[in-house]
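Inspection log for the structure reproduced underneath, given as structure tokens.
In order of appearance the chains are A, B, C, D, E, F and G, and numbering begins at 1 in each one.
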Amino acid sequence: MRIEYDLDVLKPHQPDNWELAQVIMEIEGVTFVQIKTDEIDQKTTSVFLTIKGNGDLNLTNIKNALEDMNCALHSVDRVQIDNRS
Amino acid sequence: MRIEYDLDVLKPHQPDNWELAQVIMEIEGVTFVQIKTDEIDQKTTSVFLTIKGNGDLNLTNIKNALEDMNCALHSVDRVQIDNRS
Amino acid sequence: MRIEYDLDVLKPHQPDNWELAQVIMEIEGVTFVQIKTDEIDQKTTSVFLTIKGNGDLNLTNIKNALEDMNCALHSVDRVQIDNRS
Amino acid sequence: MRIEYDLDVLKPHQPDNWELAQVIMEIEGVTFVQIKTDEIDQKTTSVFLTIKGNGDLNLTNIKNALEDMNCALHSVDRVQIDNRS
Amino acid sequence: MRIEYDLDVLKPHQPDNWELAQVIMEIEGVTFVQIKTDEIDQKTTSVFLTIKGNGDLNLTNIKNALEDMNCALHSVDRVQIDNRS
Amino acid sequence: MRIEYDLDVLKPHQPDNWELAQVIMEIEGVTFVQIKTDEIDQKTTSVFLTIKGNGDLNLTNIKNALEDMNCALHSVDRVQIDNRS
Amino acid sequence: MRIEYDLDVLKPHQPDNWELAQVIMEIEGVTFVQIKTDEIDQKTTSVFLTIKGNGDLNLTNIKNALEDMNCALHSVDRVQIDNRS
């Protein structure tokens, strides 16, 4: 099973994209993460996250990791579950 | 036989896209589901669903599952049946 | 020999796209059918049909099946015959 | 040797695209034909023909076949000869 | 070695695209020719020629062949030499 | 593990793109670098860097190398970590 | 190691694109050259050069060859070094 998410996230300037990517990469089931900067404001940065993983990937774990880094999950723009061999 | 649907669905904010995807994934014959958010209004969210499956995939089962989650199937935008080996 | 058609069809709301696809799939020589909704009016829906098949696919059979379901074949937008191995 | 033509053709409503495709398919060297409707006027239809074939494909034969069906070859928009193995 | 040219050519209505393609195909080293009509004026037609060939392909030979058919080589829009195996 | 960065960098005219690419190529873990010029001003040039590498690639090393060449890392536009086999 | 450059070059009408391509092809390490005409002025032509090669490809050699033909290297728009196997 392959799972993919596109997430719209509002984050403080720290942690930066690289630190954020590394923390997400440590979550169970994650095999791929891409973070693209959308807009940089004075105190926050909005970013687009694409996260791919296997059947162990769990959105609650992602939400918790984001909150631990003071990031707000603004919206889940795309969810995809693919069970084709 | 491979079957694909593009569905236009109006749903309450709960269940969220991830819960909706998981329920659809449990329907007989479903092998792939993608949910993309189209518009978020005050009480509802309109989403685009792409569902792929084998010959056991049955639109009535999808409709029933959507209704059980208080979602309205607004329109069936695309139906595809592919029997090529 | 592989044959493909793009058809522009005007249909009543019933049968819906799924029923229409299933009936076309039963026609001799048909191996693939895709139905996309173009416009929904008060009494009718205009749809785009893509039908693919082998050398046994016969447009007369498709026309007859459409008429049996009260659908009007508005135009044959594309015809393709491919005999390359 | 593979030969391809894109032709701009003005035809009466009869023969229709399917009959036209079948006649062209019978011409020596033709292995592929695609006919797309461009514009439908009161008495005529302008169509785009793509014809592919091997080294036996001969434009004179195509012109003759079109004239036999009261079609006018308006222009030869693309000619391609490919001799790469 | 693979060589490719995109040429902008002004030609009289005769020879037509097909005759022009056949003559170019006879030039030493040519393995592919495509001729697309750009604009048709009262006495001339401007066409885009794409010619591909091996290391024996020689632009002087192409120019001479074009002049022999009363065609003017307006510009050489692209030259490509590829020596990668 | 494959890592990719898109970086927005402000650099003096010297070092030029080629020198910059060569220095970055020497950083541990780097396997690919692309530098595209975005805007050339009187004293500075803004460039887009795409850097790809393996798990040994470290953004701090890249930042240090850029600073050593008097380049300012304006923003990290994209970070991608791919652990799929 | 594969190296690629996109160069913006201002050249006199002579040498023409074909002569220029042949001279660049003789430079050590060059395996591919593409020259596209951008703008033709009264005395000069601006062209886009894409040059690909192996690790022996050296920008200084390209600059020298261009100057020998009275061409001015206006800018290096893209530099790419790829060391992935």
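The working rule: a contact is a pair of C-beta atoms (placed from the backbone, for glycine too) under 8 Å apart; a residue touches a chain by one contact, two chains touch by 3 or more.
Just so you know, these numbers come straight off a predicted model, no measurement behind them.
Q: Which chains contact both chain D and chain F?
A: Of all the chains present, none is in contact with both chain D and chain F.
Q: As a quick test, compute the distance in whole Å between the mean CA positions of chain B and chain F.
A: Using C-alpha averages as centres, the distance is 43 Å.
Q: I'd like the Å distance between the centres of chain C and chain G, where a centre is the mean of that chain's Cα atoms.
A: Each chain's C-alpha centroid was found; their separation is 53 Å.
Q: In whole angstrom, what separates the CA-based centres of chain A and chain F?
A: 24
Q: Hey, how would you classify the chain contact layout here, line, ring, star, complete or other?
A: Ring.
Q: How does the ring run, chain by chain, when chain F comes first and chain G comes next?
A: Order around the closed ring, chain F first, chain G second: F, G, E, D, C, B, A.
Q: Could you list, by residue number, the parts of chain G that touch chain F in their complex?
A: Touch residues, chain G against chain F: 59, 75-84.
Q: Mind listing the chain F positions that touch chain G in their complex?
A: 16-18, 20-22, 25, 30-37, 40, 52
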